[in-house]
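Some structures to go through are shown next.
Shared between the two complexes below is chain A, which pairs with chain B and chain C, respectively.
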Partner chain A sequence: MHDRLTQSMRASHLLALLFVLASLALAAMGTATDDTFYLRLGTEALIFAGLALSVDLLLGYSGVLSLGQALYFGIGAYVSALTLMKVPSFWLAMAAAFTASLLAAIIGGLIANRVRGVYFALITFGLAQVLAKVVYNTRELGSSDGMIGIPVIEIAFGPFSVSTGSPVGFFLIVLVVIMALYALTAYLLDTPFGRVLTALKSNERRVPFLGYSAWRARMAAYVLAGVVAGLSGALYPMLRGFVSPELMFFATSGNAVISVVLGGVGTLAGAIYGSVLLVILKSIIGSWTEHHLIVIGLIFMLCVLFLPKGLAGVLRPPVEAWLSRHRRIPGPVPDAPVLPAIAVDTKAAPQ
Partner chain B sequence: MTPVDYLQFVLAPQVVNGLALGIAVVLVALGLTIIFGMLDVINMSHGEFYAIGAYAALALGAAGVGFWFLLILVPVLMVPLGMVAERLLIRPVFDTKDRHVTTLLVTFGLGLIVEDVLKIIFGANTQRPPTPIPGATEILGIILPNYRIFLILVGVAIVLGVAYVVYKTRLGAMVRAAAFDRNMAASLGVPVSLVYAGTFAFGVSLAGLAGVLLAPIYSVFPTMGRDFILLAFTVVIVGGMGSIWGAVVAGLLLTQVQALASLIISPVWTDPIVFGTMVAFLVFRPQGLFGRLGHA
Partner chain C sequence: MKTATITPIAAGLLAATTLAGSAFAQSGPIKIGVVTPLSGTYTPIGQQVRWGLELAAKEINAAGGIAGRQVNLLFEDEEANPSVAVQKAEKLFQVEKVDFLTGTVNSGSTLAVAQLAERNAKLAATTVSFADSITTDKCSPNMFRVNARAEQQSVALAAWLAKEKPKAKVFYLGPDYEMGRSTVAAFKSSAEKGGAQSGGEVFAPLDSKDYTQYFGQIRAARPQVVYTSVAGNDTVRLLTQLQDFGLLSGLTVVGASGTVTSQNITAIGAAAEGFATGVGYSPQIDSPANKKFVAAFREANKTDPDLYGADSYGLLFAYKAAVEKAGSTETDKVREALRGLSWQTPQGTKTIRAGDHQAMQPMYVVRVTKGKFDIIDNVSSENAIGPDTCTRF
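And now, the complex of A and B:
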């Protein structure tokens, strides 16, 4: 079935592929110049791209704004840090972060999914705030200072082994993990479950009439988003060697929302681009003034007002037009679910 | 320590200080709840307008403007600011499908900008204007700073004044009508567009007034709004979004919980208790204690 959703997701995949190529180019350049700084910065951008991905899954597909997604990111980071300090195993840390964020997201989802709309935004905000304050005041978790001294570990892939201390090696590992998370979410959104989510966004009341449980779909999306955020967070202590309560604070959740809006809501690939864009903006502006919030706030506001489809709204239509010219995908099915950010002019395509 | 001493020197001052904080929170929450109740807009930059009010009081006070005059001047200066913000930021996205999310995002961006602008103009350091009413009074053996007593009295007067305007005047009726049914109100001659801008400006101006009143107690720093807005949001949710009396009751209740809890447990744990209350309310009674303003 080729409806507009499939078509626009293909364009997203192509953008994601371009992103991977660009990342590989950065990795190659980094290796050639023996660079550490930019590779580390790129790794951090990728990790936060995972968080943005989880926000986009909720905002762009099931249509609810989470202002506390950093909660699961932070849980992933802390659990991963605690595991690594006991047993220096990448896979164990990821498994522990997966389990912890899964459980937390089920509990959080049971609470948050009782309400909709603006209440959902505020409840997720409140949940994150409660846990952030608890962590902030718990001496066993390092209180406000966080935990330092997370060891550099060797990540074993069968016969290969990569150290988290190697800038380019760890960059590639993170790239693989984040892209796997992208592929997983994109795949799930292409299944009937994904269609129920888009249906939720466009008209939630009608979903039960079609025989689907709105609550179940929303819950599944929330748990999935929590796990995506948790697994991304698990990578953070491996990169920085420390975790701090700031990871759970509103600033972290807010940055993820900014990334998604800049990149384009409901495009997945846009979230990744947005996150990288935000990191680039911050480091460029940060190099000549410490007041980067003004510029970022301004760009963000202008984006909401004048470019509601974000960067992907600019990048994706040409990609889509190109795809439909070269693959001879039939034009949009008239009654296909209408996702934002697509206006393909089928008449313009050569016969 | 005898029970009477405990009452006089520990419990009572704590209750009164909690009351002063409660009034402060209610003043900030009032504007927030009015903007939500009437316009259906989540103003994430409300805390920053509160900070603007506080900084305006600080700067004008340093320039020699008296405190009593500031109480009038700053809220008046905030009105055009609110009008412009409404016109440029809220109006363009007011009719989008997901108004809550879009307006929340826009005002969130505005908050970021304002915070940094304040940092540029006034610096990142904490400043404190002199207390306009120094001294303390002894009431029933409890020693209370005069300014806190003044704050409590003024706060009560402001809340009553706002409630009077909203519920008892023709202007208030027009605003409530515009919130209830925009088209019907427009066809009956209510200048809806002006009413919306005015309501937003009114909420912003209340935040500014709260800034003037609270600056001498809680100090002035660029992120002051961010710390306060969390509590204000909690109050608005627990009270019922858009309800004036709800905000008052919830504001006083929550700050008392905070004040009394900090006698028993470490004060750092009172924040989780307050936010936990908010989460519990959202789960079991999302409409809050009271119904919503302008919506029967």
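And now, the complex of A and C:
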């Protein structure tokens, strides 16, 4: 036997793998039909999936609701935009967005982590609104109009290069970045650090008695989430060629929370599915009726009432069942069940 | 959808030769995409844009369409958010293959859509956004503006002020945010060119409850004129408080075009009396073309058109004239045809300046008399337009 967390994470990984396969199929179809719009809409959905991933890391693992995650998304987007307008380098823009969102998340984390519960939600909301208003009123950052004129760039990987203007090329780049962020987050959650986060979510007061600093773990989760949001945001101006203060507004943070709830809180892969679902729903329903917000709101409420674990709550149990059945049969993956079993045993031993 | 029935024909034509493909593009309905706020705060503006365009499309289609082709309007909600506007506009360009795009309201959306139009080699126009940047430092060869920009409004008002109160001392009171400060700066420079002197300026936070704290400063400056660019409920409080303190007597209050509107004029009541502003349209314009337009608009929508409805209505006729002149809906040809184009609108003759794609039009000064706006002056299009500072094309 191995513990439920590992097993459900494995199911999430399989869902993520299915997602990548579906994305690759879309990319192939898009190339075959010479499509631009759907590939670029898919790219946008992936970028917002990165933001949803960061919300899920906080909400689903350390158990705090951030209503201002768009703050770091916006910082990533603006820093990337400013960098790209000076030097058209993908790597430099990503590095700059990483540094800026890291620093901002440390500062934001020092403020927000002084409180928890509903106060944490309010502080994160407030921080994002304050910065959004500052950007909204700063002429150097384009104030309310935002900044246009972010160039289409070539992303160089040694001998290869891909243009951000190529719908399929940039879609694949964004897929790689977002999946790398997923893999990094999932890996960290599988380490002892991840277990401390899960412990925080279930009972924060007990964590110090186990010898861990609750504050340090919460802070680390917050900074990680900020960086994930910042790196996702850095991709936005490359896709759309502009940034505007609306990227930092509550609508952006709120959509990310809705994506996570639709997809399934605490599943990571669910956040990605949820975000794609929300972007597609908004695009289709928005063209169909001007009352799309009502429709989305109803879907959201129905989902909370009848699918409290979101899409992943529906998709994951069969995958988990399949995985555990599959593992009992010796053959294709004989060593897979052994390793986690040992890992759990060693942890269980000191008790 | 109509497109569904013609797609097989299109596919057949495309398969035959590429020439056949372009021949197809020149028949069938002309599709015009409208990306405008249909939900949220800006819904009333989006509604006027929609009504104006729908009325124009109905009239054009009844008269035989554009170059014999019917006009088909496709609406998308942009939620007054540039990120949404760009996504919806891309859908219209790429999936619906619209020939032309319009409807954006806030200037951030207009600028972002202009860039998108450039990257998709299509044309777009705004009928609402008035930020000067759209046709000055951030002008785009693919974006046109048929409504009056901020500078035209302030120039018209300043020209009237120079006649009415020569060398007046003006006190400026704006809302304390970027747009508030830039509208005050723009009017101040126009007014001072006309000989006005500054009696001081003050910026009050948005949504201020109490303006009386600035009244000492206003009294000490002894201005003949107060210019303000506050809007919505802020105007209600500012003007009623000025009245309560007896400061309105002998004072001319002028402001931005959004300061006193049909939405807040009843709440302001008598304090709005005498307020003057510069606008590009008023339903009271006394011309046969406008009377016909107002009557048709009222019959279709049970309400008066405002400047957004009138400018949107006028746009389709500019596009019609340009396409018929160009003999095609191709981007480059229509762009050439739109440059320097003069056409008739409810406001009178408008001309698109070739250098910056800004429409030149006569401007009006309106003043509140007995709770309604009356036209009291007009400024010719040449005098209101200001210099062309677009350097990109």
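We take it that the second predicted complex is superposed on the first by the 327 of 351 C-alpha atoms of A that agree within 3 Å, B and C clash if a C-alpha of one lies under 4 Å from a C-alpha of the other, contacts with A are read in each partner's own complex, and residues count from 1 in each chain.
The rule is short, and it goes like this: a residue touches a chain if its C-beta (ideal position, glycine included) is under 8 Å from a C-beta of that chain, and two chains touch if they have at least 3 such contacts.
Treat the numbers as computed from the prediction; the structure is a model and nothing was measured.
Considered on the superposed chain A, chain B and chain C are sterically incompatible, since they clash.
By the touch criterion defined above, A:293 lies against chain B and chain C together after alignment on the C-alpha atoms of chain A. When the shared chain is aligned, chain C comes close enough to touch A:244, but chain B does not. With both structures placed on the common chain, the touch criterion links A:301 to chain B but leaves chain C unconnected. Once the two complexes are overlaid on the shared chain, A:44 sits against chain C while remaining clear of chain B.
Applying the stated contact rule after C-alpha superposition, one finds that A:137 touches each of chain B and chain C. Once the two complexes are laid over each other on the shared chain, residue contacts for A:205 go to neither chain B nor chain C.
Of the two partner chains, chain C is the only one that A:146 touches; chain B does not reach it.
In the superposition on chain A, contact is made by A:114 with chain B only, not with chain C.
Look at A:127: by the touch rule set out above, it reaches chain B but stays clear of chain C.
Once both structures are laid onto chain A, the chain C stretch out of 204-212, 330-338, 366-374 or 384-392 that overlaps chain B is 204-212.
Residues 136-137, 291-293 of chain A lie at the contact with chain B in one complex and at the contact with chain C in the other.
Residues of chain B that touch chain A in their complex: 42, 89, 92-93, 96, 98, 100-102, 104-106, 108-113, 115-117, 119-120, 230, 233-234, 237, 241, 266, 268-269, 271-272, 275-276, 278-279, 282-283, 286.
By the touch rule above, chain C contacts chain A in their complex via residues 38-39, 75-77, 79, 81-84, 86-88, 90-91, 93-95, 106-108, 111-112, 114-116, 119, 131, 133, 138, 177-179. Interface residues of chain A, counted against chain C in their complex, comprise 35-38, 40-41, 44, 136-139, 143-146, 148-149, 152, 165, 240-242, 244-247, 251, 283, 286-287, 290-293.
On the side of chain A, the complex with chain B involves touching residues 59, 63, 65, 111, 114-115, 117-119, 121-123, 125-127, 129-130, 133-134, 136-137, 254, 257, 261, 291-294, 296-298, 300-301, 304-305, 308.
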